[in-house]
Amino acid sequence: GNEGADTIEAGSKLKSDEETKVEIDPENFNIDDVGEFTIRVGVNSGDGNQYLKILDNHTGYLKDRGINLETTEFAAGINTIDAITTDQLDVGLFADYAGVNRIGNTLADTQLRAFATIRKSNAYNLYVNPDTIKEPKDLEGHTAISMAGVVFEYDYGKLFETYDIDKSKVELVNVSSTQEAIALAATNGADSYWVNDQIAPKFEEVGWKPLVNISDVDATMYTFLVANNSYLEEHKAEVAKFLKVSDEAFDYIDENLDEFAGWVQADIGLDKDLVIRGWKEATHNYTFPQDAYEDLLKVEDWCYKNGNFPTEYDFTDYINTDALALVSPDEVTWQAK
Amino acid sequence: MSNNTKIKIEHISKKYDVENKALLFTKGNSAHDNFVGHETDFVLKDVNLEIKEGEFHIFLGASGCGKTTLLNIVAGFLNKTEGSVKLDDKEISGPGSERGVVFQNADSAIFPWLTVQKNVEYGLRMRGVKKEERKKIALDAIELVGLKGHEHKYPDELSGGMKQRVQIARSIAANPEVLIMDEPFGALDAQTRRTLQDELINIWKKTGKTILFVTHDIAEAVYLGENISIFSVAPDASIVDKITVPYKYPRDVNDQRVGEFIKYTTEQLENAIRASKAKHEGLQKAENEEEAVENEVAEANSVAV
Amino acid sequence: MSNNTKIKIEHISKKYDVENKALLFTKGNSAHDNFVGHETDFVLKDVNLEIKEGEFHIFLGASGCGKTTLLNIVAGFLNKTEGSVKLDDKEISGPGSERGVVFQNADSAIFPWLTVQKNVEYGLRMRGVKKEERKKIALDAIELVGLKGHEHKYPDELSGGMKQRVQIARSIAANPEVLIMDEPFGALDAQTRRTLQDELINIWKKTGKTILFVTHDIAEAVYLGENISIFSVAPDASIVDKITVPYKYPRDVNDQRVGEFIKYTTEQLENAIRASKAKHEGLQKAENEEEAVENEVAEANSVAV
Amino acid sequence: MKNITRKIIKSGIISWAVLFVIWGIVSLFYAESFFPSPVETFVGFKEIVLNGKLWEDISISVQRVLLGWSRALLIGIPVGLLIGRFRIVNWFIEPFINFFRFVPAIGFLTLFLMWFGVGEESKLILITYASIFPIIINTIAGVNTINPVKYQAAESLGANRFQSFITVTVPGAVPSILTGARLGLSTAIISIVGAEMLAANSGLGYLVYTSRLYYRTDWIFVGIVTLGVLGFFADKFLRFVAKKSLKHYGVTG
Amino acid sequence: MKNITRKIIKSGIISWAVLFVIWGIVSLFYAESFFPSPVETFVGFKEIVLNGKLWEDISISVQRVLLGWSRALLIGIPVGLLIGRFRIVNWFIEPFINFFRFVPAIGFLTLFLMWFGVGEESKLILITYASIFPIIINTIAGVNTINPVKYQAAESLGANRFQSFITVTVPGAVPSILTGARLGLSTAIISIVGAEMLAANSGLGYLVYTSRLYYRTDWIFVGIVTLGVLGFFADKFLRFVAKKSLKHYGVTG
């Protein structure tokens, strides 16, 4: 369960007193006391941490505050996990479904801990080709686009349950990027795809229409930051500072969104309008509320029942919010069931 | 030998286009370096010759003098720079099945993926001759060159001499009017060479074909030819002498008269080379060249050990 | 020629291991098919021979009789099946620099990536001789074979005869006690061949090396050799006759006495072949073989056209 | 006795045994999901053999490879022959060959999907694209090794340009075409992973590519081993058949 | 006049012009994000040239390719020489070569990432892995074409086994090694996309692979064209240098 942040020890990052263990708790913790450090973060193409890096490149926002942010870009969040388990990265991220699966399949030797919720989103709609799909049931006999191993598998699962669709009658096609899904939509190669608000215009351009929201099928998506437990224990102060500064940086982006979106477009080529749209579709601050916790349990339950992994487990054991509690005690509101 | 002119070579000159060297198909032997650096010269200059129908005609000359070049022009593989070559009064402009060619290197000329019989049938097949007739003609030609019993073998199962026989049979079967042969026995050992020379004379007698035969072996020239054209040396080589061999077939190289005729031919060749060298480098130097000329002739004469 | 025995061959027999055929380095010429199918027979059987120090010794025999095989055993490239070969009383067990080898095909034997001089220096370099000394020895050897002025050329800039000279110089420079030569002039034209034969005699006179020279050319054997070993034919070939050539160097093949000696040698070779054929197939068949034997001898004799 | 030892060594069994031992030892130091041992791989293997998944993957991938490769042969051989034989074709087409052979097939992933759809077509085209280059290049090389004397011979025997193409160029290039076909097959097998990254639901490439998303490193190993074994034997088979049937074309295996 | 026409055709300019026209026409039928026209591609090109991104991508990818390829040469050539020369090495190692050459590099993507980290190492190893096979295989073939008489000659001139390896095997295999190096370079360039698919922040492969995540098909095209052009000229350069400097080794280019 929640182990109580105030009893945890963590090594100070100041080189001078590396040997001595200092007790830290929310009362006496001050991020200004944390020395300069490097944090290696695996980012997802176009996610908040990649944006942090872009902001840092243009303004030195993190660097000026003593955080040397190193990012490595992966096509999907889940790809960051292997790098964390092999100690090549400190922090990565996963969506609820991906994380639950990963941990469920490597129970025996996993060190992974979710330590903050980066985002809760209902900004995904099932976009369909209106010529072929008028209602969810019409998917039977048609082609649905998914991505292997990512949260869309869960979203479709919930969709099929909700609308009593015979999944054996739906042809699922796996793509490896949304670009491919757009291509399929444009060429009438498929009939449905889970589209987030950021990219929705591209699908609307080719005539697709939203049909079902993920909240309609009870699949609201939570995304989490993840790290090895040992890292969280040994670098609690640094992680805390990282979370705090990130929160502030997100606020900065909010205030300077237009200029920032320009930087993004220049750096990675993502269209400025899409950047703004994508940014606005979600909130940006680190929390760990009860609903996020319960979402994980729910997804775990669903995955186990669908045979994604052999043994049932309790996700409670794979959460460590001590660092978050140091800087934002009010945001850590989950209680173990 | 009838009296009709079969091949008429008039004022032929040839200059190689060095840029296209790699594209040309002629591949002389490696001793041709003497001509390197003179690429803009004429190799052949104003060559004139008439060959009668049914004649056995020899081109004799030192290595690199242009025999193969002239032969390739007659065969239609090379373009002439100047002059005209006519077969039966028709200008030659490319290869044609009325002129069969036997190449020096049988290995590169016959088709290793075809059996002996299929190789020999090749020309007939190209002309659309029916299978049964093709087979009959091919078997006759195979018998003529003494390969009976080997019809279904592949070239890699044959000796060098047998491969050369396949090539000859292949040409014969296509029934050309003229047979063009470029040192066809040059790569064979002495014994096989002797046998094939005799066979060639027999085939010539039986078929009455016009034969144009290149050699730089004086004894071979005298043993085989009715008439011998003697070449001067390149650049500006041409046919400077024509000798008629006055003996009936079969000839015997060990016969003293034949031996003396070989000597005579040798002298004629020497004269031709000496004269053209003198022309190239000025008369005053001619005497110093005496030795060099003898060397070239000796090279052209593979009789002695 | 001193009286010390240089090479002693005793009871040598050789059977090829067919399974390892592909692994063996000997590559005979393409006429060897007569032996196909008898792979388990002995090629050589009980060969005995002594060669004196400084001797010019010839192996003469029909194609495929096993001359190259025996030479390769002496060179150390092939293992013998039975018997012993000694050099200066020491058993030969592999190649060694005291036995220099000149191969028939210069193209495959010399190193195309090295200049003439580097090729000739090769053996010295392997032995760690210093650069300056190496150069001196190499230049001497190059001069000896008449290649002065060509030191810095690469093999692809040389004619066939020049390449063979490079090979000889390379062997000479390494200063072996015995020079083993397998038809070294077989692929050259008549003129070049004659020149190199004379040069070889000169080199032999100057250096006093023991030379073991393979040929199937009877005139060449008589022209070059002090002693000629005559081989019977495979299977179970061996040296059946030894002839000493009674003429001083330089010899003249056009000399009548030499001509007669060539005839005599030819007869001896014929007898050897006939006898071994008879042994192989029973005496009663021997007469039908008369013709075949003559053919084989003729093939071994490349003098006649 | 010595012969048996030699045979065993030659068969490669020892090398494989050594590899297995090394694999086993290395895997001792790592977790299964990081570096599965031979035994763990075998367990994973049994799992997908028993539920029939592996057979399905193999059969679908083999079909794709064979189809894509056959098309590459069907296009590549004639193109190579024409380029090799006719200078004008060479001048026009060779620049493309020497450009596109440096452009990776996975660069075209999205494009092929857009142009040719989610079905088999786009996958086959990707395989064909990847494997056509060694086929074309070797075919050209084969044509270039044909001795020009053969064309002269054909033409003086009455063959026209088309006939000499069919009767000299084609058979003369056979040994190199075969080399090209073998290399093309190896490229086709290699490119199956790329092809099955593209909207696939099964196949060995799909197995290798998606197993990591399901944290099944053992299945990645199963996929890798299967691809290697299939390729190994396909190549052996191709060489054997060619050696037997194309001996007189100069194919030595 | 005729000569100028011929030169123009030979230079390949016409083929490229034709290709551009076809590209332009086809692109008329598609939106930019599916099939950008030459002009749109050029605009995208200008964009990343001007902000320096393309130069960075090119320089990092060229570095990776050269490093990975150099390593493949450093390992592949000696291995090939040893396999070719010594039967015992052949028997032990050849089976692996003939197995792994059918196992695609991207099959190892995740594994290399796990084993060798997210840094340069895993990318270099992937490139080395992909490009080492043509190098080894061609080197072996080169050794096999050396006439055994050369070894006999070397040995009777006093060379020991090691000396004959250095002075005969190595120079004798040079032409085939060069062919292997050229094919290896092409494979190295091709595999850059695979290498930069995972865990890269720049490079041409990254550009090609991740541009689709940002829906920039024009940049995919820029990446593809750049790879093709780089490969084209690298190969030309390699051939030229080799032809000039290795003439006597039998390299004809």
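Order of writing sets the labels: A, B, C, D and E. Residues in every chain begin at 1.
Methods note: a contact is a pair of C-beta atoms (placed from the backbone, for glycine too) under 8 Å apart; a residue touches a chain by one contact, two chains touch by 3 or more.
Owing to the predicted nature of the structure, the values given are computational and were not obtained by experimental measurement.
*Asks:* Find out how few touching-chain steps suffice to connect chain A with chain B.
*Replies:* The fewest touching-chain steps linking chain A to chain B number 2.
*Asks:* For this structure, which two chains have more C-beta pairs in contact than any other pair?
*Replies:* Maximum number of inter-chain contact pairs occurs for D-E.
*Asks:* Computing the C-alpha centre of each chain, which chain sits at the greatest distance from chain B?
*Replies:* When every chain centre is compared against chain B, the largest gap points to A.
*Asks:* Counting in whole Å, what is the centre-to-centre distance of chain B and chain D, each centre being its mean C-alpha position?
*Replies:* 49
*Asks:* Taking the mean of the C-alpha atoms as each chain's centre, how many Å separate chain A from chain C?
*Replies:* Using C-alpha averages as centres, the distance is 83 Å.
*Asks:* With centres defined as the mean C-alpha position, give me the chain A-chain E separation in Å.
*Replies:* Inter-chain centre distance comes to 38 Å.
*Asks:* Note the residues in chain C that touch 2 or more other chains, in rising order.
*Replies:* none
*Asks:* By residue number and range, which residues of chain D touch two or more other chains?
*Replies:* Within chain D, the residues that touch at least two other chains are 34, 109-110, 114-115, 197, 209, 212.
*Asks:* Residues of chain A that touch two or more other chains: which are they?
*Replies:* Each of 82, 85-86, 177, 179-180, 183, 186 in chain A touches at least two other chains.
*Asks:* State the interface residues of chain D toward chain E in the complex, per the touch definition above.
*Replies:* 9-10, 12, 14-16, 18-19, 34-35, 88, 91-96, 98-111, 114-115, 186, 189-194, 197, 205, 208-209, 212, 217, 220, 223-224, 227-232, 235
*Asks:* Could you pull out which chain D residues touch chain B in their complex?
*Replies:* Residues of chain D touching chain B: 147-160, 163, 167-168, 171-172, 174, 248-250.
*Asks:* Over in the complex, which chain C residues touch chain E? Could you list them?
*Replies:* Listed in rising order, the residues of chain C that touch chain E are 25, 27, 75-77, 94-97, 99-101, 103, 105, 108-114, 122-123, 126-127, 154-156, 170-171, 174, 176, 180.
*Asks:* Which residues of chain A touch chain D in the complex?
*Replies:* Residues 78, 82, 85-86, 101-102, 105-106, 109, 143, 148-150, 172-177, 179-180, 183-184, 186-187, 189-190 of chain A touch chain D in their complex.
*Asks:* Mind pulling up the chain E residues that touch chain A in the complex?
*Replies:* Going by the criterion above, the answer is residues 31, 33-34, 48, 51, 53, 110, 113-115, 117-119, 197-201, 206, 209-217, 219.
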